[in-house]
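The structure's right below; bear with me while I get my questions together.
By letter and in written order, the chains are A, B, C and D; residue numbering begins at 1 in each of them.
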Amino acid sequence: MIIVMKHQATPGDIKLVTDKVTDAGLQVHISEGSQVTIIGVVGDKSKLNSDFISSLPCVEKLVPVTETYKLANKMFHTSPSVIDLGNCQIGGKDLIVMAGPCAIESKEQLFASADSVKAGGATVLRGGAYKPRTSPYSFQGLEEQGLLYMLEAKKRTGLSIVCEVTSIHAVNAAVNYVDILQVGARNMQNFELLKAVGKTNLPVLLKRGLCATIDEWLNAAEYIMSEGNQNVILCERGIRTYETATRNTLDISAIPVIKSKSHLPIIVDPSHASGKKPYIPALSKAAIAAGADGLMIEVHPNPKEALSDGPQSLNPEEFKNLMNELKAIAEACGRTLSCV
Amino acid sequence: MIIVMKHQATPGDIKLVTDKVTDAGLQVHISEGSQVTIIGVVGDKSKLNSDFISSLPCVEKLVPVTETYKLANKMFHTSPSVIDLGNCQIGGKDLIVMAGPCAIESKEQLFASADSVKAGGATVLRGGAYKPRTSPYSFQGLEEQGLLYMLEAKKRTGLSIVCEVTSIHAVNAAVNYVDILQVGARNMQNFELLKAVGKTNLPVLLKRGLCATIDEWLNAAEYIMSEGNQNVILCERGIRTYETATRNTLDISAIPVIKSKSHLPIIVDPSHASGKKPYIPALSKAAIAAGADGLMIEVHPNPKEALSDGPQSLNPEEFKNLMNELKAIAEACGRTLSCV
Amino acid sequence: MIIVMKHQATPGDIKLVTDKVTDAGLQVHISEGSQVTIIGVVGDKSKLNSDFISSLPCVEKLVPVTETYKLANKMFHTSPSVIDLGNCQIGGKDLIVMAGPCAIESKEQLFASADSVKAGGATVLRGGAYKPRTSPYSFQGLEEQGLLYMLEAKKRTGLSIVCEVTSIHAVNAAVNYVDILQVGARNMQNFELLKAVGKTNLPVLLKRGLCATIDEWLNAAEYIMSEGNQNVILCERGIRTYETATRNTLDISAIPVIKSKSHLPIIVDPSHASGKKPYIPALSKAAIAAGADGLMIEVHPNPKEALSDGPQSLNPEEFKNLMNELKAIAEACGRTLSCV
Amino acid sequence: MIIVMKHQATPGDIKLVTDKVTDAGLQVHISEGSQVTIIGVVGDKSKLNSDFISSLPCVEKLVPVTETYKLANKMFHTSPSVIDLGNCQIGGKDLIVMAGPCAIESKEQLFASADSVKAGGATVLRGGAYKPRTSPYSFQGLEEQGLLYMLEAKKRTGLSIVCEVTSIHAVNAAVNYVDILQVGARNMQNFELLKAVGKTNLPVLLKRGLCATIDEWLNAAEYIMSEGNQNVILCERGIRTYETATRNTLDISAIPVIKSKSHLPIIVDPSHASGKKPYIPALSKAAIAAGADGLMIEVHPNPKEALSDGPQSLNPEEFKNLMNELKAIAEACGRTLSCV
């Protein structure tokens, strides 16, 4: 940590700050510039009340030089994490594709979706049983009945299954059915939920919040990991910006940034990022080329009748075609697309 | 709702869309332009699967013309809501000031804070017992012990008390102690939590999410109100933008926008909005002048020793001085500052 | 400046960096932390190729500790600048109000506007002769004919006049007519234009760019000032964010931030910030309460017929009423509203 | 265009609006909903004063249904534009790579850059002679001397050359030297400059503004095209968001969006988008996979000594390696990488 003093700080001010640091058992290195003095702090920062320091009138600002997340940090775990799902792995040479409807609407719709995404080459079936919706008057999901349909679809197809959980109640139900628990963008800083999924032994798919920084995202992963669950998969799904041509702005740079800062695998959701079907193929290809470990794509057997997010769902034919195009790009990048 | 057809839509496409609308029992009005055709839809939109419509290849976009929130909408409740707290009201001519430490650290710290904010003219004591923190390794709050100290501080001073709740577990504890339940920015779209506070009979202070639109914020209020609890107080606390000179960007326009769209009272939190003590007075004055119904300000008996958010807390002396300055502005705006 | 080394930097790396710094005649102070080493740099940074340093593989990042602007910096010019316009001053106890139509449409419209803003208490008449418009097919302004009408309006009313300039050609024309040259938001980093207005001896009203940081804004002021013209007036007019309820988001915090970093006066344009007439009074009041030195407000004698920006113009009656309300707030803040 | 009336609009209000529209020679279609009335407007909107309409108190908002740009619009020019540069084309099957130093520093540096980018497979040499810099005290470029070095580098290598122009003065100089005129991000809405390059007969590379919407960007292209110059190449270079892990946020979605709305070619600048060398390969690959027509990459013979933007420049070896990786992805996408 670096302490930048104010322009007008006196020698007494500098002594006050350095005493506070050394009293806490840390060391200081002082650089007196022509305009400002900066103080480098060396030692275990958790012993220091940095809020005290930054609130001093003589202090301009504190500059952190190390990240607050440890378990998610590549610095302390240099090789990439590979997460095993039984029928496939996430984070290895094989790319993973999770596909299925935004919301589970009925057994028939889910089975038709599952069959078609399996035929297209997906290895994980997605489907929402608990739906976070902006308006309380929108369809909120089939809840546990939906989880049951997912389990049946798994038995039918051999696909692994992933469902979003929106409450501790939903976590308690979902652990009996699913292979991956998903924490949605709106709950990325619902710390109670993060702790709850961190206490399970299921892999967790952690979506990036709509306006979360990458640093906050990795700290959210840290909440899960600090409870003992190291199997976190990150999912970039677009951030909120001023641009309205797409529903969100896919932050494609997040892929190389995460790869440089963390060992956790990262996948991309082009459906929520764009909100518009015609843009999904281009974003899917870009994600693979940028180094993502997989994709999460909405596929609906009949998107025109979908109860939610219809405009951003591919139909089975479109999904299959996209998978073929992705295969070529994956190979050009030294990856393979499917583990079926 | 308006349906804008694609440029190349055929008469058959238009018939497909209009049939779908009329089959659901609604009416259409068609405007054929030189370049595009638009279809006005009249009737109860909840009967219509609008996702179906917007996913049709011949449809360019849907344009909503009415808001999805009803109970929070000024259109159906034209006079401002006034919420009674016993010792004062929120939303009337009197402005309300909630003040106190960010986090409750000890009984002594809280009592000192309570005494000083009362002396300064506040009518509600704030204090965090459950703290949502970016890193799992930061101080997380005293939890129920903190709520108990708050209740004692209330007895000591006569101030009403407000505490943030971050889980259903915390709601169940807090209802036994506090006068107002606070839902924080990170939980604004934690819909399970919104429903839970909506089932209590305590007023709810709903902070705006870091990147929530005003429309999403009012829909979050609607979640609470649709469970039966009409006593929602909105709190603008800054939104996330590219500017880094302040911690967040106070969206001062949110005040007149909310006043034009909703009957709910709105207060402003200049401490979290700015993140920097020197800017709090200017933002507080601006909020009052813009028509806010009150403020929520961090005051710490000794901000230099605060365990969290020290750089954005006023000390008792600064708080008192600010209150005096605010009184003059309140009066210039036809409001009164304190109900003590 | 502080150099933060990478985690894995070797003693050889550190020597390489420190040699580069000392070879340039500057001094270093090294702090070796448990995880990273930081190097404080002391001396004249303009002698150092900081891009070289930051591009080294062993360097994590550079942290600047002093601003790049000098003439605009409060550190070197601690008392507020007051700019004299002949009939009034900007930056003193008196608040200034610039008002008038967005675009000059005709002599009649301009004269009617001038008469009504004078009657309302404005001291400066605004009016656009060169209009930057998003589409090339929108009305682009009357150009020099408009400047001539402005000069006639000045003679008629005694108001000072301000016009936007969008090119060096426009600067050359405007210096013959106006009292203040305005550089618009879209040209805030049109450095050739900044240099050109910096070579005139007229005060310059510099609007903040739609997505400019406060630091970039003050550097833009520095471009003008470094050419010799110290009379720069800053104008906050809203920044671009994700929120669409208003045309832009007024960054009210910019007022105290500018007051803490610079000696230049700052005014606020609530018309462009909100884009909606009903929100202008609340934002105007907030600006005054936050410490702005004045306002720039669009007033049109008949806003319903305005060729541009009609939805954000007040009519003369509304303007007059607003001025009365502002007067009370100005006084509550220890300012006075008008110098007429 | 659609006019959405306010909730409380009376039949008289509706008549007022519809009369105004029909008086201008356009037609209306009225849809009376249970809550609001909407009015579809059919005909030539340029005859209508839409600002008048939107400023009426009875009008809630106007919803445009057609774009304001015509010449840049795919609707009226359905096949992609291919721009011929002599030694290569932009917008065809071949991808184009423009590479070179951010700023021209000396003849030696430029020649070394030119040789190495040619060896790597680039077909266009980039190099800045007029540099827009945030601070007036940063290096501003060699100006016409730099243009002369570029021309010599062209003769030496056979590469086409592109230079940024920042003023009409620079345009007048550059037309004597370069093959492509570049308008930078900060000048995207410098309309005088757009008109000036529109009057030349050289292709124009138009960078997206830091916070420009895609709609504004295409309107900026329209400014150039409406002056007679149809050869516009768009360049996505990242937009400004709250995320600070990268210098800007590459809006990868802009590629499919532009391809769906316009016939103009689009390339991507991963160097400015990321601001960090390690992320350039991933973003370059993503751009190609998303369908971009080429790239603009900063290459410096010795990036450690670069006078500007060193941290985001590749060295010749890195550039060559990247080109090889890109070739494989280009082919997987049905494109070819180089026309040498």
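Here is the rule we use: a contact is a pair of C-beta atoms (placed from the backbone, for glycine too) under 8 Å apart; a residue touches a chain by one contact, two chains touch by 3 or more.
Everything numeric here is computed off the predicted structure, so don't read it as measured data.
Stepping chain to touching chain, what's the minimum from subunit B to subunit C?
1
Could you tell me which pair, B-D or A-D, is linked by more C-beta pairs in contact?
Greater number of contacting C-beta pairs: A-D.
Measuring centre to centre with CA averages, how many angstrom lie between subunit C and subunit D?
Their C-alpha centroids are separated by 26 Å.
Provide the C-alpha centroid distance between subunit B and subunit D, rounded to the nearest whole angstrom.
Computed from C-alpha means, the inter-chain centre distance equals 39 Å.
Averaged over CA atoms, how far is the centre of subunit A from the centre of subunit D? Could you give it in whole Å?
Centre separation, subunit A to subunit D: 31 Å.
Mark out which residues of subunit A touch at least two other chains, giving numbers and ranges.
Correct list: 211, 240-242, 244.
Where on subunit A is subunit B touching in the complex?
46, 49, 51-52, 54-56, 68-69, 132-138, 166-169, 186-187, 189-193, 210-211, 216, 219, 222-223, 226, 240, 277, 303-311, 313
Enumerate the contact residues on subunit C facing subunit A in the complex.
2, 4, 7, 28-36, 38, 40-44, 60, 63, 65-66, 75, 211, 240-242, 244
Which residues of subunit B touch subunit C once you look at their complex with the stated criterion?
211, 213-215, 239, 241-246, 249-257, 259-260, 273-274, 278-279, 281-283, 285-291, 328-329, 331-333
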